[in-house]
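For reference, the structure I am asking about is given below.
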Amino acid sequence: MPARDTVEIGLNRFARRGYDLDEVSIVPSRRTRDVDDVSTAWQIDAFRFEIPLVTSPSDAVVSPATAIAVGQAGGLGVLNAEGLWTRYDDPLPVYRQLREAGAEAPPPVSLLQQVYAEPVKADLIGARIKEMRDAGVTTAVRVSPQHTELLAPTVLAAGVDLLVIQGTIVSAEHVTTQGAALNLKSFIADLDVPVIVGGAANYTTALHLMRTGAAGVIVGVGADSFSTGDAVMGIRVPLASAIADAAAARRDYLDETGGRYVHVIANGRIETSGAIARALACGADAVQLGEPLRAAREAPASGVWWDSVAAHPRLPRGGTSAPVPARGSLEQLLLGPAETSDGRTNLFGALRRTMAKTGYRDLKEFQRVDLVIGGAPAGDSAD
Amino acid sequence: MPARDTVEIGLNRFARRGYDLDEVSIVPSRRTRDVDDVSTAWQIDAFRFEIPLVTSPSDAVVSPATAIAVGQAGGLGVLNAEGLWTRYDDPLPVYRQLREAGAEAPPPVSLLQQVYAEPVKADLIGARIKEMRDAGVTTAVRVSPQHTELLAPTVLAAGVDLLVIQGTIVSAEHVTTQGAALNLKSFIADLDVPVIVGGAANYTTALHLMRTGAAGVIVGVGADSFSTGDAVMGIRVPLASAIADAAAARRDYLDETGGRYVHVIANGRIETSGAIARALACGADAVQLGEPLRAAREAPASGVWWDSVAAHPRLPRGGTSAPVPARGSLEQLLLGPAETSDGRTNLFGALRRTMAKTGYRDLKEFQRVDLVIGGAPAGDSAD
Amino acid sequence: MPARDTVEIGLNRFARRGYDLDEVSIVPSRRTRDVDDVSTAWQIDAFRFEIPLVTSPSDAVVSPATAIAVGQAGGLGVLNAEGLWTRYDDPLPVYRQLREAGAEAPPPVSLLQQVYAEPVKADLIGARIKEMRDAGVTTAVRVSPQHTELLAPTVLAAGVDLLVIQGTIVSAEHVTTQGAALNLKSFIADLDVPVIVGGAANYTTALHLMRTGAAGVIVGVGADSFSTGDAVMGIRVPLASAIADAAAARRDYLDETGGRYVHVIANGRIETSGAIARALACGADAVQLGEPLRAAREAPASGVWWDSVAAHPRLPRGGTSAPVPARGSLEQLLLGPAETSDGRTNLFGALRRTMAKTGYRDLKEFQRVDLVIGGAPAGDSAD
Amino acid sequence: MPARDTVEIGLNRFARRGYDLDEVSIVPSRRTRDVDDVSTAWQIDAFRFEIPLVTSPSDAVVSPATAIAVGQAGGLGVLNAEGLWTRYDDPLPVYRQLREAGAEAPPPVSLLQQVYAEPVKADLIGARIKEMRDAGVTTAVRVSPQHTELLAPTVLAAGVDLLVIQGTIVSAEHVTTQGAALNLKSFIADLDVPVIVGGAANYTTALHLMRTGAAGVIVGVGADSFSTGDAVMGIRVPLASAIADAAAARRDYLDETGGRYVHVIANGRIETSGAIARALACGADAVQLGEPLRAAREAPASGVWWDSVAAHPRLPRGGTSAPVPARGSLEQLLLGPAETSDGRTNLFGALRRTMAKTGYRDLKEFQRVDLVIGGAPAGDSAD
């Protein structure tokens, strides 16, 4: 692995220098192009999507119905197989409770801890997947690494198209003194469906996860604006650098396998169309979005936000937030038109325009766009 | 093109390091000079101006009347040939509507989208240009690259002095699958009037635009404080670096043509006299100002601000702002005297003083002034 | 001493580049591990602790009772031998007075100056130490360098286990024209109990303090969020760099002595579990915490905070703060479970989880974890 | 002149990297010392001062009475020979007017412009100097470069001890087409009293001013927290770098003259004892303070603040501020004791302590103290 910028923080103690997405910007190059000549499509395994969107498996934004709506808009909705929809036969009263508790202030963590104490039911997993399949969209559910072996048979039996194994931090080598750990490599080898796995935070972990046979690797530890993983665990992943490192792992793995292309899916505080464009420009193949979708009229929690790790029984660390007002339908959020200019509506229409203004035809080409570090974000003195 | 500082944001993914205008400052050198011995004049083609000011073609600040007032104060007013004055026979009721909608909060984008849906009328273009010509000032109007071929004949027939072809991002090579794109080079070669074209964001685009035969190139993507292009499109142009790069293109083009000097006009969040001085110190020949002029008593929108791109029907991205109170006449804003010390009045008198305090006689010399990076802006803890 | 990054601030005047703890973050590496397989234990001299915690000797958080509670939770409580508990037979009315004065705003410095004007009583030192010893925990008290020779006999006679000689800034070579200065080296050589000494701010001072025979060296000048030592004295110690420098001194001293390992204890604005993890990752063996403990239900000042140097009669410079509400018992703050996700509860449970997620088994291994510089802290736009 | 860090802001356009005082901090070194063994004295020409303080010639803080009080406390008070005390026989009603206008908000610039329109009277200059001389303190007044030749005879005839020729930016070579400019070198050569001259912003200007024969050179352009010179003129002088550069000029001039030591006096946003210590640590011999003294009970404007350049008739640019409450007597502000810990009282007692804690005996030695760049100022999250 070639060396990136390092800093000697103290005598003989080194740190790499990492960059966040909002430190990086796109520079228009010598050519421009018509918006209508640009494609934002991507394909993972046999599944093609018109927009490079994978949803976070957050109960605040993904119900079976919104997963279907995302699929119909051209993206991939991911339902949490360990969330409210598989713990409760009817989760609507729980949503109502959280919405009421979170109307003025973020919903209290203790309430999250309480509603997630209800056990997951296998039959509900099957029913939810069936509902999505019946709508004709590509189906995907998320399981945690800890429960993958337990839940995977149920999930697969229900006919899911893609399996997402996602924890805050996932490694290809989990060490335990309590029996055998999940061996991702042999597990994935035995599966018939493609697997997306993550999050990974650097080149090495991304490469090792690629070697498990995964079709996609999630890069980033899932921090949204409300996340407190930094304060709680001291862990921070400057996402622009992590994406570029994972893209390097993708190139190296492509070379070592003579042609297996593993998709890099960026996850972490990607909240505007500008951030989506930056993430792809740094080398991602798609982005995983959660918080931005809560402003959709269809969002099951009506604009309240929480991340699943916020419900951890002993060490909650994801963020929560009081509701934002709806900005339009899910389709409008994703495909426009926008009636505001804050980068939070027409998320993928804006991406298409950025690609046109910089002269690129497709996402793979766009990963080579010129980047610049520096410059204050415009609008910071806005009224 | 020689290499500037680059940063490896991740493995094998590089970004250039760019600097914003407010990161750069001017350092007084060994000599001082009398204010009265300093000239701020510049000349483009046959047209000489006492102050290096080109207005943004924003309807919020430029009417035929204010274009005339700017000309009389020594600058160049640019009217938008695709703005309110060419869409409406009498735009005053539209201004009133926007002012009322924007009295307390920025005017809603949806209202902007609505009033700009009215089509442009060729006869109004002619009438507006005639009004300005009759006042005896140098006349200039702006057309968008998309409508240049359609509107240019009307504009030229009306006897304009300078044509400004301006979009957020303009390249010398627009690619389209829908018929033929505008060929700027042959278009400009056929014209009798000098052309200013832009915005460009880097050395290469600036050089290519210079090679089209333009008399001036606008550098920057037009971001004011209220702009959201960064959030919407992920595009940011650290302006100090972009200006210096364009100045390098100007030198190289001067050399390759054996003497054609193309003027560099800086555009983007230049809102104080300090910022004007910095932009020229970085290598610009003139600055394009919009938002600062809205505080003139004559401003047609009475202090409300919007950028034309804020009215885009599907992806609005320019900023809008509720009104600021008038700070004086347009002449006082440009030439003083000031009764406040915030850098927003006597914009070009202040420039003259900076040149005197650093010992330079004219703008071309002043482009060599010493610069420093770093230091917090003074006044940031002001009451 | 090898050179670290230096900056030429002006001609021939150099400064080293230092990093604060919150500029540094931990990067998950290729391996993960079960939380239950991780140990946070450390041992200094004959004393073993389950968590790497040494308390600040601040009266705001340490009474004999809370020192005992800290010991029972696995850490080391340090009582100030020159604080309220040794100046007043019954300090409770003084605490009440400070609490009332500090209910809305920070308690006034003049009141602190007044209550600390009461002299220290030797018999109270003995009584307080006895109370802690009787509870069966490891006992430690802090004396200032100025009063070490005067108070040490009393402290030692009372049977203390560890002696902490701590001032804001302590050197191994104090120069005075007023009689003889304390010779730390000969003083420590004559003692039967291990000594922790500090604060030190760089490699050289840390190394010299190690050479006095100390068992532990405190690194940092004790700044908490409310500290004003920077404004008052112009002194700042970027803690990540200071810890790494002291760890280098520890290695060099280990080598020069053929095996004496002196513990590095980090002190200064460590207020979250994330900051604890960073401090240890930079090379510390333990952390000294004050302000975070004031939120314990048992805190003697009920959430009001002051640092002892805030009471200085002529140049107060430590911070003070109005009370925060209690977040739970001391044990809950240290060991969880947490019901909030702000990094201020379950401080050492979070550390254990960070170690697990990065694949380390014990603290000594964890000092090698990968670090990254850069990236904005998550959550900074939280509601 | 050796090269300092430079940055290529754009192609072939370079800027030096400068550092502000608050980016630089002092690092305690291996030795500590008794406070009572430290001297803060300095001497310029025949005049010795116990504290390295020169006041700004600001009417907001310097009257003849406060100049005397500063002298009695060990510093040098500088009265503005072109200020209120020499324009008005009785300036007290003017002060009252400014205080009333500035009670809630900063006094309006237009009022400043108005009261400073009153002409300077030669006889009042003489009377004010006599008043200060009669009190037995070292006397100094400031004249502007423009009026030096006109006013100097009066000032000298009145028996001033030190002459301060100070403008925002002063060069040794002023170019004018209007008659002859002041030739500082021959002017100073003819004088019997030592001259302090400035402000200078870099090595070259400082060196040239030293060559005029000045006894002291003021470094910095006088920006306080309320200054807007940056916004108005685009000029910024990162002070730590400017001081270090001037100190290099001092060394080079000392060498070229075989022993003439010209004092460097730092000026610009030095508002706390911490900043004073930093300025001296960077190489200054003394500091020029204005704004911090307005909190003295004796301040003639009762806490209102304005800088003289704020009254400029066409381009006001200094700051103004509504009053702060008094923090104590002038003596207490300078020498303590402090009852707050914000670095704004006991300014020079704090300096003495910083010198003691870093082991230095006198100011000249202290200029070698170790520096560090980086680290957030403590206290920024204070309640």
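A, B, C and D label the chains in the order they appear, each numbered from 1.
Going forward, a contact is a pair of C-beta atoms (placed from the backbone, for glycine too) under 8 Å apart; a residue touches a chain by one contact, two chains touch by 3 or more.
As the structure is a computational prediction, the values presented were derived from the model and not from experiment.
Taking the CA centroid of chain D as reference, the farthest chain centroid is that of A.
The best fit of Cα atoms from chain C onto chain D calls for a rotation angle of 90°, in steps of 5. Annotation: the chain A:chain C pair of sequence copies touches via predominantly different residues, less than half of the used numbers being shared. Between chain A and chain C, the centres computed from C-alpha atoms are 39 Å apart. Annotation: 56 Å between the Cα-based centres of chain B and chain C.
Contacts with at least two other chains are made by residues 19, 241 of chain B.
Taken together, the chains touch in the following pairs: A-B, A-C, B-D, C-D. Contact residues of chain D toward chain B in the complex are 7-20, 22-23, 105-106, 108-110, 113, 168-178, 200-202, 204-205, 208, 221, 223-239, 241, 269, 310, 313-322. By the touch rule above, chain A contacts chain B in their complex via residues 1-2, 4-5, 19, 24-34, 36-37, 203, 240-245, 247-248, 251, 272-278, 281-283, 336-344, 346, 349-350, 353-354, 357-359, 370-383.
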